[in-house]
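Comments concern the structure below.
First chain written, first letter: the chains are A, B, C, D, E, F, G, H, I and J, and each begins at residue 1.
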Amino acid sequence: MSHNIIDKIDAGQILNETRLAKGLTWRELAEQIDRPVVWTVAALLGKHPVPKVNAVRVGEILSLDDEVVSALQRQPYRIADAGLATDPTVYRFHEAIDVYGQALKELIHEEFGDGIMSAINFSVDFAKQEAPQGDRVVVTLNGKFLPYQW
Amino acid sequence: MSHNIIDKIDAGQILNETRLAKGLTWRELAEQIDRPVVWTVAALLGKHPVPKVNAVRVGEILSLDDEVVSALQRQPYRIADAGLATDPTVYRFHEAIDVYGQALKELIHEEFGDGIMSAINFSVDFAKQEAPQGDRVVVTLNGKFLPYQW
Amino acid sequence: MSHNIIDKIDAGQILNETRLAKGLTWRELAEQIDRPVVWTVAALLGKHPVPKVNAVRVGEILSLDDEVVSALQRQPYRIADAGLATDPTVYRFHEAIDVYGQALKELIHEEFGDGIMSAINFSVDFAKQEAPQGDRVVVTLNGKFLPYQW
Amino acid sequence: MSHNIIDKIDAGQILNETRLAKGLTWRELAEQIDRPVVWTVAALLGKHPVPKVNAVRVGEILSLDDEVVSALQRQPYRIADAGLATDPTVYRFHEAIDVYGQALKELIHEEFGDGIMSAINFSVDFAKQEAPQGDRVVVTLNGKFLPYQW
Amino acid sequence: MSHNIIDKIDAGQILNETRLAKGLTWRELAEQIDRPVVWTVAALLGKHPVPKVNAVRVGEILSLDDEVVSALQRQPYRIADAGLATDPTVYRFHEAIDVYGQALKELIHEEFGDGIMSAINFSVDFAKQEAPQGDRVVVTLNGKFLPYQW
Amino acid sequence: MSHNIIDKIDAGQILNETRLAKGLTWRELAEQIDRPVVWTVAALLGKHPVPKVNAVRVGEILSLDDEVVSALQRQPYRIADAGLATDPTVYRFHEAIDVYGQALKELIHEEFGDGIMSAINFSVDFAKQEAPQGDRVVVTLNGKFLPYQW
Amino acid sequence: MSHNIIDKIDAGQILNETRLAKGLTWRELAEQIDRPVVWTVAALLGKHPVPKVNAVRVGEILSLDDEVVSALQRQPYRIADAGLATDPTVYRFHEAIDVYGQALKELIHEEFGDGIMSAINFSVDFAKQEAPQGDRVVVTLNGKFLPYQW
Amino acid sequence: MSHNIIDKIDAGQILNETRLAKGLTWRELAEQIDRPVVWTVAALLGKHPVPKVNAVRVGEILSLDDEVVSALQRQPYRIADAGLATDPTVYRFHEAIDVYGQALKELIHEEFGDGIMSAINFSVDFAKQEAPQGDRVVVTLNGKFLPYQW
Amino acid sequence: MSHNIIDKIDAGQILNETRLAKGLTWRELAEQIDRPVVWTVAALLGKHPVPKVNAVRVGEILSLDDEVVSALQRQPYRIADAGLATDPTVYRFHEAIDVYGQALKELIHEEFGDGIMSAINFSVDFAKQEAPQGDRVVVTLNGKFLPYQW
Amino acid sequence: MSHNIIDKIDAGQILNETRLAKGLTWRELAEQIDRPVVWTVAALLGKHPVPKVNAVRVGEILSLDDEVVSALQRQPYRIADAGLATDPTVYRFHEAIDVYGQALKELIHEEFGDGIMSAINFSVDFAKQEAPQGDRVVVTLNGKFLPYQW
C-alpha cells in the first residue's frame, strides 16, 4: 500500500509550479502530448482523469514524481468552487450565462427541440483573436444536443 | 403621466406569446430586424434596451401595443435569476464554467496577460452543427480582453 | 394576441383539481393516453412539454379549457424548488442520494468509465411491491451512460 | 487509550487506495464479503458501520491496518456533502429528483396513502444495461412505505 | 370543475380565525373530534390530510364553508418554513436539538443500534406540568425505531 | 502557563474513544456519576461545563489525562452544527419540529399564554419503549414556561 | 366568521400612518396608554399581543377601525426579518453584538455562571443623552439571568 | 523578521487560559489596567488593538510571552462569526434586536432624526442587578447619534 | 386616515417614469432643486427622506400626485437588495471593494488610526471624465473618519 | 522543482509583518517603488501580480526571502472574502454601494449610456482630507466606461 498518496488538486499545483519554473506554456505542453489545450489545462489541474500515456509523458517532460503522475490518472471529484466563481476572470463567464442563458435556452428549444447541450459530450476551444481595437478572447462551447427522451 | 407602465420582463413574455401564436421563430424575427440572433432573444426578453428603430419594427411585425414597444426600449436591470440557473438547459452552461473556468483563467493569463474577457464588449453566437452521431450545439463567446490597467 | 395565457404550473394545478374531482387516478390517466405513469404526472404538472396529441386527449378526458390544453404543450422551465425539497416525502429521495451518491459515482466509474448517468435520456419507473412486512416503494432510475468525450 | 484513532472517512480513503493498488473492483470485493455492491461501497467509504465479520474479512483481503479495520466498524455521521452534490456524476441524481420528485410524491400518495418511502429500511441496486444506442445505468431504489401513523 | 379551490394553508387560517371568534380552544376542538391535540392543531393548520369524518365534523362545529372542509382533506406539502423557525417560541425547540441532538444520536445507537427515530410513525404529546417554581411545558416525542436495514 | 490546552470537542472525542474501548455504555457512565443520561452524554461531548466532582470521577473511571479532565470543566461554546443537522438520525428531530412546531406554538400560547418553553431551564429524557410492532424511541422535552414579561 | 381579517403587520402599518397623520409621537402614544415606549412601538407594530385595554385605548386615540384594534390583540409570529437587518440603523445593533457578543458571554458566565440573559423576561429602555460633542443614543437591555438548570 | 507571529485570536485564547489558571477575573484584570470591563474583555480577546501601555501591563500581570503582548497591539479584523451567533448566550442578543430593532429604529428617527446610533463611537456597559425573583443582566449600549449628513 | 398610502419604492418608480416621459435628466432635476446629483437620485428613488421643500418642488416640476410627494418625505428602510447587487453595473462596485477593500482598511488604519470611514456622514460624487481612450466614470466617496472611541 | 512554494496570501502576511517590524508605512513603501498607494497595498497583499522589478525592489527594502519575492509575482486568485466583508471598516464601503448603487447605475446610464464602469481598467485613490469637524476619508474610484457593445 502506497504511503505517498497525493490529492489530485495538490498534484495539479505541483505540476503547475514545475511547469512555470521550466518556462513551459500550457499550449506547448498540450502540443507535446497532442491533446486540446483547454482539456489539457483542466485535466492536469485535476478536473479529468489523465490517460496513462499522457500522464507518463507529462511526467517525463516535467520530471514529476511517480505519485504525482499516479494522481493525475485518478478519477476526479469535479466540485464547483464557490470561491473561484468570484474571481473576476471566472465571474465574467458566469455573468455572461446569467445574462444570455435564457436566450440560449430559447434557441436550443427552437432549433433542436426540448433538451440540453451536453456538458459531458462536450469540448471547449480557446483562441486569441487579434483586432485593431484590442485583442479578443474567443471561447467556443461545443456540446452534443441531448433531447429529453423517455 | 403614463398609467400603462409595463415591466420589461412582462413585456418580453407578452412579446414571446405573440411570437409563438404567429408562428414566427426567433431567428426569423432577428433577421427581420437585422440583428444577431442571441442578442435579439436576450434583448426582446428584457436583458438589453432595444434601440427605438428595432423596437418599433418588432412592434409592427408582432402588432404589439405601444406600452410593450416602449418597455422594450427601457434600460434593464440584469438581475441574476437563481431559479433559472437550476433549469437543466441553463445549468449545463454554469456546470461547464465550473469544470473549465479555472483552465480558461489560466489560458487568458498565459496568452493575454493579467486581465479578463469582457462580458460587456462581448457577443455570443449560437449555431447548430450537424454531426453523424447527433447534432451539436455550438456557442461562441467572444469578448474583448481587458488587462488590469491602473 | 391571446389574452388568456395560463402559466404551466397553474395549468397543472387546475388539471389536478379536475382529475381529483372526477375521481380519476394518475395511473388511469396515464393509461388512457398510453404514456408511462411517472412521465405523465411530471409532464401534466408542468415539467415537460406535452405533445399536442396527448394534451388534446387529456383535455377531452378532463374537459379542460383550451388555454389549459395550450399551456400543457409549452416548453417548461424546470426550476428546482427548494421548498418542495424539504417535504418529507421528497426529502427522503435527496437523503438517499446524499448517503449513496458517492457509491453510485464509484460504481458508474468502475463499470462504465468516466462519465455520468444522463438525467435527460432518462426514465423513471414507479411500482408498488407487496411484502409481508409492509409494502415497498420501488423507483427505478434508468439513464443512458454518457462518457466524458471531448 | 488508543493513540491511533482514524476517522471513518480517512479509513475509507486508505481502503480505496489499497483496493485500487491491488486492482480489485468494488464488485469483486462485495462478492468476497457476500454483501450487496452499493451497500459495500457506501459502507466501506464510511456511510455505514461495517459488521465486525465483514470488516475483518476486508482487512484480510486488503491487508489493512487494525485501526482501519476498527474505524470501519464505528457508527458514522452521515453528513450531506454540499460540495459532492455539485460533482456532475452525483448532481444528475439530485436533478432527477428535482424534476420528478413531485411526481413520485403524487404516486406514493395515490398508491400507498399519506406517507413516505423509507430511506432507512431501504436498499439501492446498481446495474449496467446493455443497449444498442449506448449502455444504460439502472439504479433501483427500494424502500418500505411508511404511512404517517400517529 | 370547482372554481373555489382554497389552499390548505389559507383554509387553516380561516378555520383558526373562526375558532377564535367562537371562543373554542384547540383542546376542546380536539376532544370534540376525538383526536390527539397536537395532531389536531397540526392537521387543521394544513400539515396533514384530515380524514373526511373529522373534516366534516369540524366543519359542522365551526360552520365552515364546503371548500374549507374540502381543503382540509387534501394531501399537504409539508414545507419547512425558514421564517417560522426564527419565531422565539419555535426557535427554542430547534435550539434544544442543536444542543442535545448529538447526545440523542449517541443514545439511539447505543440502546437501539444503527438507525433513526421515525418522524412518520410518530406522535407528539403536549402537557402542562404544574410546578412551584413555575409551570413547565412537557413535549413528548414518540417515534418507532427504524434500523438501517438493507 | 499550561502548554497542554485541549479543546472541549477534542476532549469529548478522546473520552468517547476511551469509553468505547473500555466497553462502558453512556448509561453506565451516567449512573456512575449519578447524573441524567442525556445530560451526561451532551456534557461529556462538550455541550456543558462538567462540575469538577463529576469531571474528576469520569477521569478516574476512564483513566483520562488531566488536561482532558480540565477541558471537560470549561465553559462551552454551544455552536449549532449545520453539518450534523443533516445526519439522518438528527435530521428527523428537526423535521418533527418543522412539521409540528407551529402546533406546539399554538398550544403553548393557548395553555400558558404568550411566551416560550425555556431551552435553558430545561431537561431531556430518553427512553426505550418496547412495543409489539417495533420498539419506540421516546424523547421528553421538559422546559419551564417563560412568559413574555416586560 | 369575520370577513375582515387584517394581518398584524398590516394593522401596524395602518396604525403608524394614522399616528403620523395625527402628528402624535410614539412617546406621546406610550404615555397615553401608560406603557414603556419601546414596548409600545414594538407591540403596536406587531411584535406583541396588545392587551385589550391598551388596544381599545389606542383605537380611540387614533380612531382605528375595529379589525385593526382586533389584530393588535392577536398572538404574533415574531419572524426575524433578514432584509430589515441590513437597514443601516438596525445593522449597527447587530454589528455591536458581533463585535462585543463574545465579551458579554464571558462576563455573563463569570458573574452569573453558565446561562443566558433572557430575551423573554426582558425589557429595553431607550433614552436620549445630551452631550457636548453630539447627543447619544442609550439603549439598555435588561433580562433575567437564566442558569442552565437541568 | 520575526519568526514567532501569533494570530490575535490565538493570543487571546492563550491569555484567557492563563488568566483562568491564575484565578483572575476579567473584572479584576480590567480594574488593574483601569479600562472598562466590556472593552477589556473584547480587546484582550482580539476585537480591538490594545494600547501598548495596557498590553505591557497585562503581559506583566499574566506573565505572557512577548509575541502575545505584541499580538494584542495589532490592528484586528472584526469578522462576524456566524457560528458564535448560534451560541444560546449570544443568540439571545441577536434575537432581542430581531424583535425590538424596528422599534429602536422608529425611536431613533423620532427623537434624533434620520440617522444611526454609532457602533464605533460607542461603549457597552455590563452590570449585575440583584432582584428578588432572580438576578438580572443589564447591558447598556451607548452610541453617538450620527445624522445622515451629506 | 389616508386611504392612498404609497410605498416609497413605488413612489420612486412613478417619479422616474414621469421624469423620463418629460425628458428631464436626473442632473437637471438635481439642479432645479439645488441638491447634489447622487443624493437626488438616491433620495427620489426612496433611499432618503426628502425634505418637504424639495419634495414639493419636485412634485411641481413633475406634476406628481400628493401621495407621491408625501411618500418621498417619509423615513425609508434602506434594505440591501441582493438581486440588484448582481446587476453588472452595480456588481462592478462591489467587486472593486472585494478586490481593494483590504487595502483601504490598511490605509485607513495607517493614516487615521483604528476606525472607519462613515457611510452616514458621507457623500458621493459622480463625474464623467473625458479621456482619449474612452471616457471614464469617476465616483468619489467622502466620509468622515470615525475613530473607535469608547 | 522548488520545494519552498509560498502562497501569495501567506507571502503578503509575511511581508506585512516585516514592514511593521521595520516601521515602514505603506505609503513610504509605495513611494519607494514609485507605484500608487492603493495598488501597492492590494498587490503586496496578494491581489495583483507584482511586476518583477517592483517585487525585487520590495524584497531588497524589506530583506524578504526569495520565495516570498517569487510569490509576489505570481498570478492571483482574487476571491471575494465573505468574512472580510463583515469587518466594520470594510462593511461601510459595501453599505455605501447598497445605499447608492442604484443611483450610480442611473447616472452611468444617463450620462454614458448602457454599460458599466470597468473594475479592471480601473484605479482607486485614497486621501486624507482635513476638516474642522473631523478629518475625512476620500476614496476615488476611476474606471473606464465600457458600453454594452455587441
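Here is the rule we use: a residue touches a chain if its C-beta (ideal position, glycine included) is under 8 Å from a C-beta of that chain, and two chains touch if they have at least 3 such contacts.
Since this is a predicted model, take the numbers as computed values, not measurements.
**Q** Enter the minimum step count from chain F to chain I; a value of 1 means the two chains touch.
**A** Minimum number of steps from chain F to chain I: 2.
**Q** Any chains in contact with both chain C and chain F?
**A** Intersection of chain C and chain F contact lists gives D, E.
**Q** Identify which chain pair among E-F, C-F or C-E reproduces the interface of A-J, meaning that over half of its contact pairs, matched by residue number, are the same.
**A** C-E
**Q** Out of E-F and F-G, which chain pair has the most contact pairs?
**A** When the contacts at E-F and F-G are counted, E-F has more.
**Q** Could you classify the chain A-chain J contact as same or different, where same means more than half of all interface residue numbers appear on both copies?
**A** different
**Q** What chain lies farthest away from chain A once each centre is taken as the mean of the Cα atoms?
**A** Here the answer is chain G, farthest from chain A.
**Q** I'd like the Å distance between the centres of chain B and chain C, where a centre is the mean of that chain's Cα atoms.
**A** 29
**Q** For chain B and chain G, what's the span in angstrom between their mean Cα positions?
**A** Here chain B and chain G have centroids separated by 48 Å.
**Q** Please tell me the distance, in whole Å, between the geometric centres of chain A and chain G computed from their C-alpha atoms.
**A** 55
**Q** Centre to centre, by mean C-alpha position, how many angstrom separate chain B and chain J?
**A** The answer is 33 Å.
**Q** Which parts of chain B, given as residue numbers and ranges, touch two or more other chains?
**A** 78, 80, 84, 86-89, 95, 98-99, 109, 115-116, 118-120, 122, 146 - these are the residues of chain B that touch more than one other chain.
**Q** Under the stated touch criterion, can you name all the chain pairs that qualify?
**A** Chain pairs that touch: A-B, A-C, A-D, A-I, A-J, B-C, B-D, B-I, B-J, C-D, C-E, C-F, D-E, D-F, E-F, E-G, E-H, F-G, F-H, G-H, G-I, G-J, H-I, H-J, I-J.
**Q** Which residues of chain E touch chain F once you look at their complex with the stated criterion?
**A** 25-27, 37-38, 41-42, 45, 47, 78, 80-81, 84-85, 87-90, 92-112, 115-119, 122, 124, 126, 128-129, 131, 133-146
**Q** What part of chain C is in contact with chain B in the complex they form?
**A** 1-2, 5, 77-80, 119-120
**Q** Touching residues of chain C toward chain E in the complex: what are they?
**A** Within the complex, chain C contacts chain E at residues 13-14, 17-18, 21, 62-64, 83-84, 86-89.
**Q** Write out the stretch or stretches of chain B touching chain J in their complex.
**A** Contact set of chain B toward chain J: 36, 39, 48-49, 75, 109, 114-116, 118, 120-123, 146-150.
**Q** Help me check something: in the complex, which residues belonging to chain H touch chain E?
**A** Within the complex, chain H touches chain E at residues 86, 88, 91, 95, 98-99.
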